[in-house]
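What follows is a short report on a single structure.
Each chain carries a letter (A, B and C) given by its place in the written order, and its residues are counted from 1.
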Amino acid sequence: MSLGLLILVVIALAGAGFVIGRQRALAQAGGDPRILHSLPGYYGQSVFLFAAVPALLLLLGWLLIQPLAIESRVSAMLTPADIPEGSSSALVMSDVRRIADGFDAMIAQGRMTEDALRAMDANTVDVRAQLAEAGIALGSDVAPNVFETAKSYRNLAHTGRLALTVAVIVTALAGFAFALSRIQPDYRARNVSERFVRTLLIGASMVAILTTVGIILSLVFETVHFFRLYPAKEFFLSLTWNPQFRGGSDLGIWPLLWGTLYVSFIALLVSVPVGIFAAIYLAEYASKKTRAVAKPLLEILAGIPTIVYGLFALITVGPMLRDYFAQPLGLGASSSSVMTAGLVMGIMLIPFVSSLSDDIINAVPQAMRDGSFGLGATHSETVKQVILPAALPGIVGAILLAASRAIGETMIVVLGAGAAAKMSLNPFEAMTTVTVKIVSQLTGDTEFASPETLVAFALGLTLFVFTLGLNVLALYIVRKYREQYE
Amino acid sequence: MNDMTLTERAVSAQDIKIAAKDVQVFYGDTHAIKDVSVDILDKTVTAFIGPSGCGKSTFLRTLNRMNDTIDICRVEGDILLDGEDIYDKKVDPVQLRAKVGMVFQKPNPFPKSIYDNVAYGPKIHGLTRSKAELDEVVESSLKKAALWNEVKDRLHAPGTGLSGGQQQRLCIARAVATSPEVLLMDEPCSALDPIATAQVEELIDELRENFSVVIVTHSMQQAARVSQRTAFFHLGNLVEFGETGQIFTNPQDPRTESYITGRIG
Amino acid sequence: MSTASTNSSLYTLDARTKRRNAAEKRFRLYGMAAVAFGVLALVVLLSSVLGTGLSAFRQTFLTTEITLDEKALDKSGTRDPEVMAKVTTIGYAKVLQNALVDELTAKGLLPEGMKAKDVGGMISKEAPAQLRDRVLANPDLIGQTITMNVLANGRIDGYFKGRVTMESAALDSNVSPEQLQLAEAMRDAGMLDLKFNWGFIFGPDASELRPEAAGLGVAIIGSAYMMLIVLALALPIGVAASIYLEEFAPQNRLTDLIEVNISNLAAVPSIVFGILGLAVFINFAGLPQSSPLVGGLVLSLMTLPTIIIATRAALKAVPPSIKDAALGIGASKMQTVFHHILPLAMPGILTGTIIGLAQALGETAPLLLIGMVAFVRDYPGAPPEGFTDPAAALPVQVYNFTQRADPAFIERASGAIIVLMVFLLAMNILAIILRRRFERRW
């Protein structure tokens, strides 16, 4: 049974449970809902929840665990002889999966029957050719043992799927029957279903924690894996980044950090003054009309996807900077450069700085302004000497948030900064950043278990720690500031 | 209007610092102040009293053009400071406000140190030439505001850390530091407890020696205690203006009498 | 005390005041300049994208009469599509090329000494496949003469759009100035024409060598599938979490932890979510790479904080008096929330959700990591099975286009951005309308 159908069956069952539960409660009360503890709908609801939720949770858990369980059992069948020179068991396992999927496809296309597959012997039949006909390309010929492994992988998967279907439907039915059996006129159905709903609400808010845990676990786990293959000392202290396809790579993080910080620095150099001055103008000087037009226009900048900025850097800003600045000044001939990425990223960050600063400036009490005006200060003196100092913590928070955005920004640097890991002071030279290398190492052709790929997780962890620190600090400062004026 | 006679009689006594003639104030379409003419005398405390919403604060704010910060506000009529129209096109409100200082209802010290709060005015107006001179101004202002003894050991502590009464006296010190000629006070004691109020009232009386003080107050007792002259506002009109003693003992207008005896307000 | 301003007339500005006023004016000017810079950047950005991208919606088509020769296309004469499928696109390319050469000769447009191969080179490499599909779908066409509207080669198209010039063609091995001259003659004869290109919006992607045929169909479907998944997951989970945090959560460590988590997740770089998707959904849970399912899951997790923050603000805006009223007549807390507070907060929640979806729609980086960069030409199937088919996504398609060598793809990338922005604009307008229509001020 396909998953979609299975889910539909469970939901249909639960829906039926709602109707039946409601009727049963009414019937027990002799058709008089006043005798019931709760409204009849709550009896139905309790049956619905008991039928649907445990079954769907089981389904979810099963789907997560089944591949792992099968994998570990099947990979035990592979002998070291099955793993060719220069390959790894993970690669052979992925072949096994492809072969198994291929058989499924062939049977679905009607090229083969289940019986024929069972009788098939890899020693006599060219499995690779048959699969190729069905549109599944394999890198090498299929060894008999691998073929057998694939068959049992497929069998296990099928059995698992069947067991899953049965288990889910049984759970749904059990929940259904359990809830139905509890229905009596004085059964506190509302309280039960409300407690159930409340649990679901708590569960939903746990998703945030789970996500964070997931992020940390996946980063830490693979990073540890990476440091087993590549010395941590080299990663943190080496000044060269030079990944090689065939091992022997230099994977020092410094050139990437340098690029990241340099690009972010230029981005902040653009966005902080522009953003703060724009915020001051909009909050303090602009007429209502100007504000009503200019503020949304600036905020559009925040709504534009980063890929658009990336393309802007690639086709407009990069060539322009190269032709009018870098080449005439003899500083470089590359259109992707730290300057290109930094400038475009700076534009992207203007609204981040300006809207948050705008809010913060507006939160400074009017009494402060009156006090300053009353002493004969000009508007700009009031802004510079009273409002900005009062708003400073909030504005620092806004800048830190913008810095965290800049460090984690990916598409603009992928398209605008270049791919060469360099530590240079010349802003018109192409450099690369942590995020660019995460993308290139994880989308490249290198094998997953190699240090060249796994380094992306160590880079990701570094990035995560950096931005998390900035965010926590920024949120703390902003929150403290808000409390001050509440 | 019958109060005109009162005003004219008072004029002869002392120098007129501010002369307001037929002042109208509009907020958009609302006519907030109607035909108000008042003469503020030098070295005198003038109190504006009246029920809330009567326009006394609005009128006070027209005297140093604080209303300029509100877009929809429009002022008509003449307000002369030492014979010069403060709403003249040539007048810069910044220069005006250096001469006509203001203290607000709620204490509003800047989020700076006590010293910087007081030094703010002299600094922006460039009133001092050296640090020593500035120190002197700060000290004398704090002394004038009767705050020096309480804060002289912690001049660099934040002004927001003081108590309410101290904060208000700090604001007065801040206003005094620019050595204005007129000091406007908008209900300066309404946010303070009775003890702090008494201190501030005492201070106002002392300030009279150097400045012309205009105080808006909600409390008739306070007006009676601190002022020499009192103006009664009602619904945007100046109802009666004269010697404080006379207003409180022998009001000419029935509305003034009703207010003083507690029937309106 | 020395006072510069006392005793002086108000009518004369002293030097210091003049200086201060000048500083004031300068300060104000800086502010205006900052706003102007931001607005100007927006205008330049949009006009640069529109300027390069609008032409992607128009494409050069070549109209020619083709006689479908039985000898070349169906030797057996059975008209059986299975048998006819043996003739590959190469066979059809020859038919097309000959047809074009014949027509040009007939019209006297064919320049002296131009090879048939060069004439054929003016037709898109995609065209033979189109012709083949058309014939296989309707074998009876064989033997007839049909009029075909086929895509012209990308370089010819580029010439009419100003991307390719005679000078650049002289240096280009893919196109020659003679071909361009012929193309111009053909346009004058009405055989070449720029037309609106529906294929760009609905067609699948095409390989590196045929930019003229590349379309966004698969990417649009992929993005739509992901948005459905985000809507189905992030909205209910986000609303449920907000209700709990806003209405039920006790003041304790766990609640604090959840709150801190949500505000941090809102600021975690998007690429980190991509790493999460790769490690958890693909490597650990074994979900298929490049599938809208994984993309949708990752984007859901990313959108969740946005929705939660908006929903909580909307719930908070409902005045407590309403809650008190419901509780006062004996409604349970759950009933109060679901019967009164939630309906009143709905417009705010939907607005927040749409804005979250718009963010998710434009997100690129995490999708790169979960394999959506792969070249996908086949449309994914119908949901729910289609959710696990490989697909592309609009922003990733833009990235893909930029990674290809042919400059024609830059036009495609900008065009794809226009499509993306139209969707974003529509979503934002919807959010604004919702807010205007239903927002209540208490």
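In this section, a residue touches a chain if its C-beta (ideal position, glycine included) is under 8 Å from a C-beta of that chain, and two chains touch if they have at least 3 such contacts.
A quick note: this is a predicted structure, and the numbers were derived from the prediction, not measured.
K.L.:
Can you tell me which chain lies farthest from subunit C, using the average of the Cα atoms as each chain's centre?
P.N.:
Ranked by distance of C-alpha centres from subunit C, the top chain is B.
K.L.:
Among the chain pairs here, which one is joined by the most contacts?
P.N.:
Summing C-beta contacts for every pairing gives the maximum at A-C.
K.L.:
Using mean CA coordinates as chain centres, what's the subunit A-subunit B distance in Å?
P.N.:
Centre-to-centre distance between subunit A and subunit B: 61 Å.
K.L.:
Rounded to a whole Å, what is the gap between the Cα centroids of subunit A and subunit C?
P.N.:
19
K.L.:
Between subunit B and subunit C, what distance separates the C-alpha centroids? Give it in angstrom.
P.N.:
The mean C-alpha positions of subunit B and subunit C differ by 63 Å.
K.L.:
Which subunit A residues reach two or more other chains?
P.N.:
Expected reply: 378, 381.
K.L.:
At which residue positions does subunit B touch at least two other chains?
P.N.:
Each of 94-96, 98, 124-125 in subunit B touches at least two other chains.
K.L.:
Would you pick out the residues of subunit C that each touch at least 2 other chains?
P.N.:
20-21
K.L.:
Okay, in this complex, where on subunit C does subunit B touch?
P.N.:
That would be residues 1-6, 9-14, 16-17, 20-21 of subunit C.
K.L.:
Quick check on the complex: what are the subunit B residues that touch subunit C?
P.N.:
81, 84, 86, 88, 90-92, 94-96, 98-99, 124-129, 133, 137, 140, 179, 181
K.L.:
Quick check: in the complex, which residue numbers of subunit B touch subunit A?
P.N.:
Within the complex, subunit B contacts subunit A at residues 64, 66, 69, 71, 93-98, 101-104, 106, 108-112, 120-121, 124-125, 171, 174-175, 178, 184.
K.L.:
Quick check: in the complex, which residue numbers of subunit A touch subunit C?
P.N.:
Against subunit C, subunit A makes touches at 2-4, 63-64, 67-68, 190, 194, 197-198, 200-209, 211-212, 214-215, 218-219, 221-222, 273-278, 280-282, 284-286, 294, 297-298, 300-301, 303-312, 314-316, 347, 350-351, 354, 378-381, 383-384, 401, 404-405, 407-411, 414-415, 435, 438-439, 442-443, 448, 456-457, 460, 463-464, 467-468, 471-472, 474-475.
K.L.:
Can you list the subunit A residues touching subunit B in their complex?
P.N.:
Per the touch definition, subunit A meets subunit B at residues 287-288, 365, 367-378, 381, 385-386, 389-390.
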